[in-house]
Structures are given as C-alpha cells and as structure tokens.
Amino acid sequence: MATATSARALVRRTTAPPELRKKRRPLEVLIQTFLFACGAVSILTTIGIVYVLGTESWLFFRSPEVDLLEFLTTTSWIPAVGEFGIWPLVNATMMTTTFAMMVALPLGLASAIYLSEYASSGVRNVLKPILEILAGIPTVVYGYFALTFMTPLLRYIFGRDIVEIYNTASAGLVMGILILPLVSSMSEDALSAVPRSLREAAYALGATRLETAVQVVVPAALSGITAAFILAISRAVGETMIVAIAAGAGPAFTFNPFRAAETMTGHIVRISGGDLSYDSIDYDSLFAIGLVLFLMTLILNLISRAIMHRFREVYE
Amino acid sequence: MRGGSEPYAADRTETTLFGEDAQVKHSLRVRHLIGRLWRALFLASLIIGIVALSALIYNILDQSFGLVAVETKISPRALAQNGVSLENLSTEQLVAILEKYVSKGVLRRLKAEQPLEQREREELLGLVLERVVQPKIVQSWSLTDSLLRRRSIESEAAQRYPSAHLEFRSWLNPNFLSRPQSSAPEVAGVRTAILGSLWTIIITILVAFPLGVGAAIYLEEYAPLNPLTRLIQININNLAGVPSIIYGMLGLAIFVRALEPLTSGAFIGGLVDPTTANGRTIMSAGLTLALLVLPLLIVNAQEAIRAVPGSLREAGYALGATKWQVVWHHVLPNALPGILTGTILSISRAMGETAPLVVVGASTFIVYDPNGPFSKFTTLPVQIYQWTARPQQEFRNLAAAAILVLLALLLTLNATAIMMRNRYSRRLI
Amino acid sequence: MSKLFVLAVTVITLLALLPTAGIAAPPFQEEGTQYTVQAGDTLAMIAEKQYGDKMLYTAIVYYNNRMARLDKNISPISDANSLEPGWVIYLPPAEKAKRYAELMAKGVTLPEVDPLTVTGDIISAGSSTVFPLSERMAERFKDEGYQGSITIDSIGSGAGFERFCKSGETDIANASRPIKHSEVESCRAIGREPVEFRVGTDGLAVVVSKENDFLTNLTLEQLAKIFSDEVQKWSEVDPSWPNEDIKRFSPGTDSGTFDFFVEYVMNATYGKDAGKERILKAANLQLSEDDNVLVQGVMGSKYAIGYFGYAYYQENTDKLNVLSINGIAPDEVTVEAGEYPLARPLFLYSTGRIMTEKPQVAAFINFYLTYVNEEIKSVGYFPLGAETLNQSRLAWLDAMGQ
C-alpha cells in the first residue's frame, strides 16, 4: 500500500504523460467482485447450514427432556427413553476416523511419494486417474465391502469371539481405503509441484533419491500435503454410508474397536430414513448431532491450521 | 543414482573433503540401502492400496456376471399344439394363446395399440415369450462360483429347481442400459438413472467449476490478509467435513423450498405439470451437489495456484500486464493440472452421492426420462442403494452391474480432464 | 462496495430461508355421533339401540376404528366382544351404517379402471417396506396402459408423512405403520383429511442361525424375555439352553418393525411403555435399518437371534432357521388368518380431496386395491384376508363419496 501511494504521489509531482497514469479498469474491478462473490458463496453455505441446523437444534434443546449439560457429559444415547448423552456417538466417530487415518495417511503419502518421485510418468498417468475414479463408487458399496469382506477377514484373523459382526475397526479400515485415493492424488499433486530446481540442488549435494524426497520435496510440499490430510480427516468424520452399514446401529460407549458402535453420521442417516415421525424429539436430535459434528470439524480444522502454519515452508 | 555416483568415486583421491574414502563408501552403501528399502516400502504402500481397491472391484465384478437358474411360468413345451412347437405356431394360434393367458388389462392395452390379429407373427411370438412363458430367474451365482464350481452348481440347480435351466448371464447388457427401472430383475434397467445422473452432474460442474476456481483465485491472488479472508479459508476447509446428508437438508431448505420458483422452472414457464410444482428437480439436486463439492474443488485449485512460482507472476507484472492478465495467462495455465485433479475428484464424489439426493427428492421409482433440468429424476447411486437393500439376490446383481455402469460413466466424463491434465502436467523449473 | 454486495446477498438468502406461512385449515366435517360406553354395554346392544338392528355392529367396529386413527379421544375396538365402560366410540349415521354392513357382508367390488384412459401425474413417497409393492403395482398400472407419470420415493414412513402432511407435496403416502395423531393434526392444518387404505401384511420372521440347534419354537413371553435386559445368557431363559450370551439383532428404533415388536411382544409382557426401555437396555443388542445387514448379523453366530421382514428370511432359507411363535410357524395360511402373532400391516394414505381433484390418484388406488392380492406374494409379503380388503375398498368408495 505504502509503495502505491508514494508512487501515485510521484506521478502527480512529475506530471508525467497521461498514458502512464494508472488507468481505470472497470473490467478488472468487475472480475475482482465476481471472484469475491465466489469466495463468499462458501460463507453463505455455512450460514445456511448453521441456520438449518440451528433452528431445528433449538427445538431439540428447548424440549424439557433435554438438558445441555447432560447432553455434553453423559455417556448413554437412548432417545427412545429420553437419554441424550452425545459421547457414545462422538467416541465411535473418533474411533472410525482414527482407523481410517491409520490406513489412508501413511499409505496415501507413501503411494504419492512413489508415484511422484520413483514411478515413470506412464505409470503415474495410468494409476492416478484409476485411483481417483474409484472415489466415485457409491459409498454404500464400500459399506457392503466392509461387512461382507473386511469383517470376515478380521474375524478370521482375530477370532470370531473377539470380533463382532458389526465393528468400528472394519468400517474404519474400509473408510481408509475409500479416502486413500484422495490423499495420494492430492499429495502427488503437491509433490509434483515442487520446483525441479530444488531436487537438482539436493542431488548436486549428493543426496540420495530418498533423502531428496523425504528431506527436501516433502517439506516443500507440506502445505499441499496438509491440505490433503485435513480434507481426508474431514471426509472421514463426515462419511456416512460405510459406518451406517458396517459399524453397527446401536449407540454404544466402548473403546474396543472390535465391538459395534454407532457414529454420529450413522445415527443421522438411520433416523432420517426410518419410519419415525417427523415431530418426535428423536428426529430433532439429529440436527443437534449435526451441529456438534459441524463444531467438531471446525475445531479439527483450527488445530490442523495451527500445525500447518508452524511447519509450512515456502520456496520460490 | 548409484550408477551415476561410481565413476566419481574412482576419480577421487585417498582422502576427500568428506573424510576417509572407506568411510564415505560405507555410508554411501548404507544410505543407498536405506533408500532402496524405503523405495520398496513406498511401492508396497501403493500396491497395498491397489490390492485393496482391486478386491473391491473384484467383489463388484463377481456379482455382475455369473450363472443363473431360469424358470418359466408356463413352459414353451406346454404351449405346443398337436406336436407343433411354439416357434412354429400360426398367427391365429398365437393370438389364442395370448387371449387365454395374458391378463385382461394388458390385453386391452395391447389391443388398443394395435389389434393382435394385424400384428406380425414374429411380434406375437415375442409377446408370447415375454408375457406367457415369462422366464424368471430363481437363483443366481457369483462369477467365481460359476467358473470354479460349475459341476456342483449344476447338481444343486437340478435338485432345487428341477424345471429350471442354467444359463450364463451378464447382468450388464444392452437391455440393462436401455430399459427403465422395473420391479422384475430380469427386465430392470438403468436408463432413467443414467440420464438423471448425467443431467445432475452437468449442472453440478457448470456451477461448481467456475465458482470453485473463482474462489481459489480470489483467495490466492486477490484477497487481502485480513480476518475476513482467514474466516473464508477456515470456513472452506470446514465445509469439506460436513456430512453429505446435511448438505441434503440445506438443499431441501434453500433450493427445494425457498428458491422453488427457480428450481421448479416456474420462472420461465418450464413447468412439466402445473399440478405438481415443487422444487424436487434435477436443478435442485445439481445445485446441492455443487455446494457439496465446492470445498474440494477450491482447496485443490488453491494448492495448485499456490504452487505456481511467484517469479512467473513478477515476470508478467514487469511486462505491464494487469493482475487479471497475469492470472489468466500465466497462473491458471500452470495451475491447471491441480485444478483438474480437484475437478476429477469432485465429479467422482458427486456422481457417487446418495444421501443428499434422497433428502432433496430423488425418486426411487420413476420410469420416464428426464426432459430437462426441471423434471423429477433418479440417479444411479439412488438405484444402487435401493437395490442393495432388497431381499432378493438378483437385485444385488443388478446393483453390481449398475456400479460398473457408473464407473464407465465416470471414466468417460473424466477422460477429457485426465487427458488435459497429463498434457499440462510438467515439472516446473 | 464488495462488502455491501455480500451483505445484500446474505440478507436476501436469510429472507428466503424464513419459513413460509401456513395455509388456513378448512373446518373438518364430521359425520355420525360420539358415544360413551356404559357399564354392561355390548356392541350389539348399542347397534340395536341406535339403528334398531343389532347386526349393524360390524359397521360400528369398522367406522369407529377408522375414526380412532384420526382422533385420539376415540378408543379403537380390537375385539368386538370386549368393550370397556368409559370408552368413547364413534357411531356412523344410520344410513351409512346400513350400507357398510351390507357391503361388508356381500363384498365390495370397485368400479373398473381402464388405465388406458388415465393420465396425469401421481406423486408418492414413504416407507421403504411398502416400496417394492407399490413399485410392482405402479409398473402393472403402466403396463396396462396408464399414460401419465408416477414416481415413488422410498424415504421411510416418517419422511413420507412429512411430505404428505407437512409440506403437502405428495398425493399418496406409503407407510408401514399407522399414521400418528400428531401427524393427522398437521395434515389437517394444511387442509388434508387422511384416508387410510390397508394394502397388505408384512410377516415378521424371528430367526436364528442354521448352526443353532436348541431353538425351534418360542412363546411370546420367552421371546420378550430373550430381547429384554432381564436376562444375559440363554440359560437364564431356559436352563436347558446353553450358558452363552444372547446376541440380539433388531431393526432400528426408528423403524416401524421395531415399534411393532415393542408394542406386540415387549409391551405385552412388561406392560405398556415399559417394553421399549427393556429391549434397548439389553446387552449385545444390535440395531440396523437394513435387513440384509441383520441377516448377516444373525448368520454370524450360533447364539444370535433376530427378527425382520419375512421376505428377507425367504431369500436366506439356506442360512437361517425361522422359529414358530406359540407353536405357529409363519406362512401364508397362518398370517392371512391372523393366527401368526407377528404380522405388521402396510398402508397407503391419501385424501378424498386429492382423489377427487386428481382422478388419476383415485384410479391408481382403485387399481391397487383391485389387484394387490395377485401381486403381493411375488414381492415377499402376505395378501390381505377378504374382510380387511373389503374395508380398504369401502374406504375408497367413502372417500370418493360413492
């Protein structure tokens, strides 16, 4: 700003020829306004979501059977008998997300490094779109895959008595597979975008390919990789059909990954698709769950942003 | 790397800048060993990912093809008259069969279309086979079983369905693509769903792509560093984690209810049927999905734009280009591969969504083709979801075939984006 | 400048989001009279007193039960022989009573529909259980020449009633549970007077895994006990059964199947309103909205037990065993005759006004009620008995004012 004003002052003082004066460019202003409007759409979306969730949640929290303190502190969610403690649902969401991240983040990043730093461009050009298109398989299919393939596999490995037919581990692992393409594809983009000069500098110093990849390219691409990770975690928290089918449909407060537990999204989709009347408290409760979910992802995002800022490296 | 480093080693004298030669050689060996080890690990990760996803695809393929046991309601042999087989019966005889077996209502419709007597013999024979013989699939087997245990399937079928015959069926076939939905798995198809999916996705992309790229350009190139920008940025990341069903509720409140005149087509008089004006149209669905994929698109585009070196921009400015000229001619072309990745991921995501569309109002049973953005609709995932929930195995076969259709559709839709990305994707200097 | 723009857009969006005002409700017309049951009353006596013909008691039962759906002050009569003093029941006007009794005795035939002459849209939404049946009927309707377009959304009974009663955008609501009084109220608030058509029955199969070798029959009390928090292990229900944890599988709390089970099994044993808590507090209880998922669950363990729609058992007879209840196995005969205790009704709802204004809706429901029994078995449900079907057809005639 400072340079702009002084430059303008300079122009005025020297009475330069008119064609050098800053032109009014209405098109530029128009474009900028349009671009701002594009950014603002996301704000409007959020306002809409908060409005929709807020008004219905208000109905829920206003009803005499619900107490906000109880909602946030107790560990039993049985709406049919008036027990509303959000923790079983939150806990199950965190467990499935953790499992998904255990699969998707390391495998996704490692695949991305391989694709970007080792694989030939032919391999990359074929594998990458294939992985991405798999993200288009309806998640209900992944859900059945978890139930009819992953769960039996886990039961075979760990024993039928230990692993229940619905369990958070199976749902989480398959969710990891679902998210894997997202992580690997976005990370690969970020790694590929690191200027070649950086790699060449590292090689010139005698670094091996691994050292270059891990100590130079990955840090340089960290911003993009973190963005991929944040999107992946957000997607896992919000994923619905897999957990609805494979994680179980009864809210349960358990830390055992081989037991069934219903996640927040699973509960929302189950109640909204059922035969329950729309003017029951059970139905209102799902908006409150949605609001909590919204706040949870918000906090998650704030934390990951803070981390990203700390480790981000900017190269030219 | 290794091959390249050896000639240098030979040239070196006993002691180098880096210490004793033996020491250097040893540490080099170790470093290369570690390098190879990790390389193997990275490859293994990729392979694990591919194997897991292949298992998924295998599961789908396994259900899409296989042996089926077909039973007929009335066997063609029973319809033969005086030793003349069904195929060789005369027109009059075929009409008589139709009159005898086909229900009154269907007969009335057929006659209204064209009197039976005036129809071709071939056509009548087709009708008899479809309406009277009525082949019905009583059981289906997976592809693996059909290939590996054919013998035991044959004996099982002979025992359980003595009147049935076995045949190999590809659930994915031309009829499946060209027919509308049906309650009978033998004749059900996905025509309406394919058209609905295409219409929806086109609207989604038309809306989401410019909005998403525009927002990304604004945030990366124009936005001042102030709390509002930070808010928008956090907000976008946050929206990526909102469960899709909540977008459905949002779409219901905004597009279906509040903007009904717009989304039902009433504002341009495009109403399909004035008695059923409501906003549960392709338009609403497309807009809802656009909001859903917007964060994914924006974040990808932002990362791509951020990765364009500042030197490119500065070169543009130095030549006197305006901001928009720099963005349009220098930044965007270089950021295109990343933007396209976001687009591909978004299209894939939007194509596979079920829950928000059910809330917005995708119909589960609908047999007429959508005729524009303002008609009622169904989409492939909605059909797939509905079929997987049915008790009969045959519907799950249909679901698997529909998934293959969906994947093929995705591949075609994304082909342009993939090719463009491969073309523009080059390492920046 | 751009900030002003954002502000304007925000304000417009917020304004657009405000709920639209409700439509004023027209007065609801009532026919007939309310009657409070006195000590010692029987239905025959009331019919005699009211109409001078004690055989008209069947008409009272029919009309009263229809009205009881709509008005929570009216007691439904489940058994014609047991009336309790203090109940408020609803008596039809004399000429209607005569007509009802007559039609029910000789059977109702609806005016014949020719789908070839029917055009216009039909929009329906609701239960995913009723969906396959409605889909089949709609397909047949089209097959016989219907030219208009019909859509059916499978979204659950609750959401189906929401679209029917609250936003008033559908012509027909499919439901696998009766309409609730609160839903009737919101229907009336937008000027809709729901009419109920029973179209079929979904048998509930109580199933165990093929590996299970100790169960073939249960009494209703045993079944309630098995699904309650009173017991943990099989041996606590019957000492001869294994000393293992019971693994329970049930449709979700939001499903009509669950409500039905609670009402007819749990509440019957533990008392009204107590059953729901007993089942939900039971250990090892797995709920799922998707019956295929329950099938997988029950198959998974020798000590598992579950219940769900009979069609899902039918498709998995090689993996599951169905149990008899009180010695009666579910099959077409026992369900149709009402002997098998776990059978759940399936309904369509519409209104007389919609049916008059959109004749295609009336024609479709007519067609549905005429041919449903020919098609219902192939989708895995049980046909209605002649008497129940008659009552549905009667409701159609009434709604059309015929």
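Chains: A, B and C, in written order; residue numbering restarts at 1 for each.
Throughout what follows, a contact is a pair of C-beta atoms (placed from the backbone, for glycine too) under 8 Å apart; a residue touches a chain by one contact, two chains touch by 3 or more.
It should be emphasised that the depicted structure is a prediction, and the values quoted were computed from it without experimental measurement.
Trainee: What is the chain whose Cα centre is as far as it gets from that of chain B?
Mentor: For chain B, the chain whose C-alpha mean is farthest off is C.
Trainee: If I rank B-C and A-C by number of C-beta contact pairs, which comes first?
Mentor: When the contacts at B-C and A-C are counted, A-C has more.
Trainee: On a C-alpha centroid basis, what's the spacing between chain A and chain B, in Å?
Mentor: A distance of 21 Å separates the two centres.
Trainee: With chain centres defined as C-alpha means, what is the inter-centre distance between chain B and chain C in Å?
Mentor: 36
Trainee: Quick check: how many Å separate the C-alpha centres of chain A and chain C?
Mentor: That gives a centre separation of 41 Å.
Trainee: Provide the list of chain B residues touching at least two other chains, using ranges where the numbers run on.
Mentor: Within chain B, the residues that touch at least two other chains are 253-254, 358, 388.
Trainee: Using the touch definition from the top, which residues of chain C touch two or more other chains?
Mentor: 13, 17, 128, 155, 290
Trainee: Residues touching two or more other chains, restricted to chain A: which are they?
Mentor: 32, 36-37, 40, 43, 48, 51-52, 148, 272-273
Trainee: Across the complex, what residues on chain B touch chain C?
Mentor: Listed in rising order, the residues of chain B that touch chain C are 103, 105-106, 108-109, 112, 182-184, 253-254, 257-259, 273, 275-276, 278, 280, 358, 361-368, 376, 386, 388-393.
Trainee: Can you list the chain C residues touching chain A in their complex?
Mentor: 1-2, 5-6, 9-10, 13-14, 17, 127-128, 155-159, 161-162, 166, 175-177, 180, 182-183, 186, 252-257, 259, 276-277, 280-281, 285-290, 293, 296-297, 300-301
Trainee: Help me check something: in the complex, which residues belonging to chain B touch chain A?
Mentor: Listed in rising order, the residues are 1, 5, 31-32, 34-35, 38-39, 41-46, 48-50, 52-53, 55-57, 59-60, 210-215, 217-219, 222-223, 231-232, 234-247, 249-250, 253-254, 291, 294-296, 298-300, 302-304, 306-307, 309-311, 322-324, 337-338, 341, 344-345, 347-349, 351-355, 358-359, 380-381, 384-385, 388, 399, 403, 406-407, 410-411, 414, 418, 422, 425, 427-429.
Trainee: Please name which positions on chain A make contact with chain C in the complex.
Mentor: Within the complex, chain A touches chain C at residues 32-33, 36-37, 40, 43-44, 47-48, 51-52, 78-81, 147-148, 155, 160, 164-166, 244-245, 248-250, 260, 262, 270-280, 282-283.
Trainee: For a test of understanding, state which residues of chain A touch chain B in their complex under the given definition.
Mentor: Checking each residue of chain A against chain B gives 25, 27-28, 31-32, 34-43, 45-46, 48-49, 51-53, 106-108, 110-111, 113-115, 117-118, 125, 127, 129, 131-142, 144-145, 148-149, 177, 180-182, 184-186, 189-190, 192-197, 203, 206, 208-211, 214, 223-224, 227, 230-231, 233-235, 237-241, 264-265, 268-269, 272-273, 287, 290, 293-294, 297-298, 300-302, 304-305, 316.
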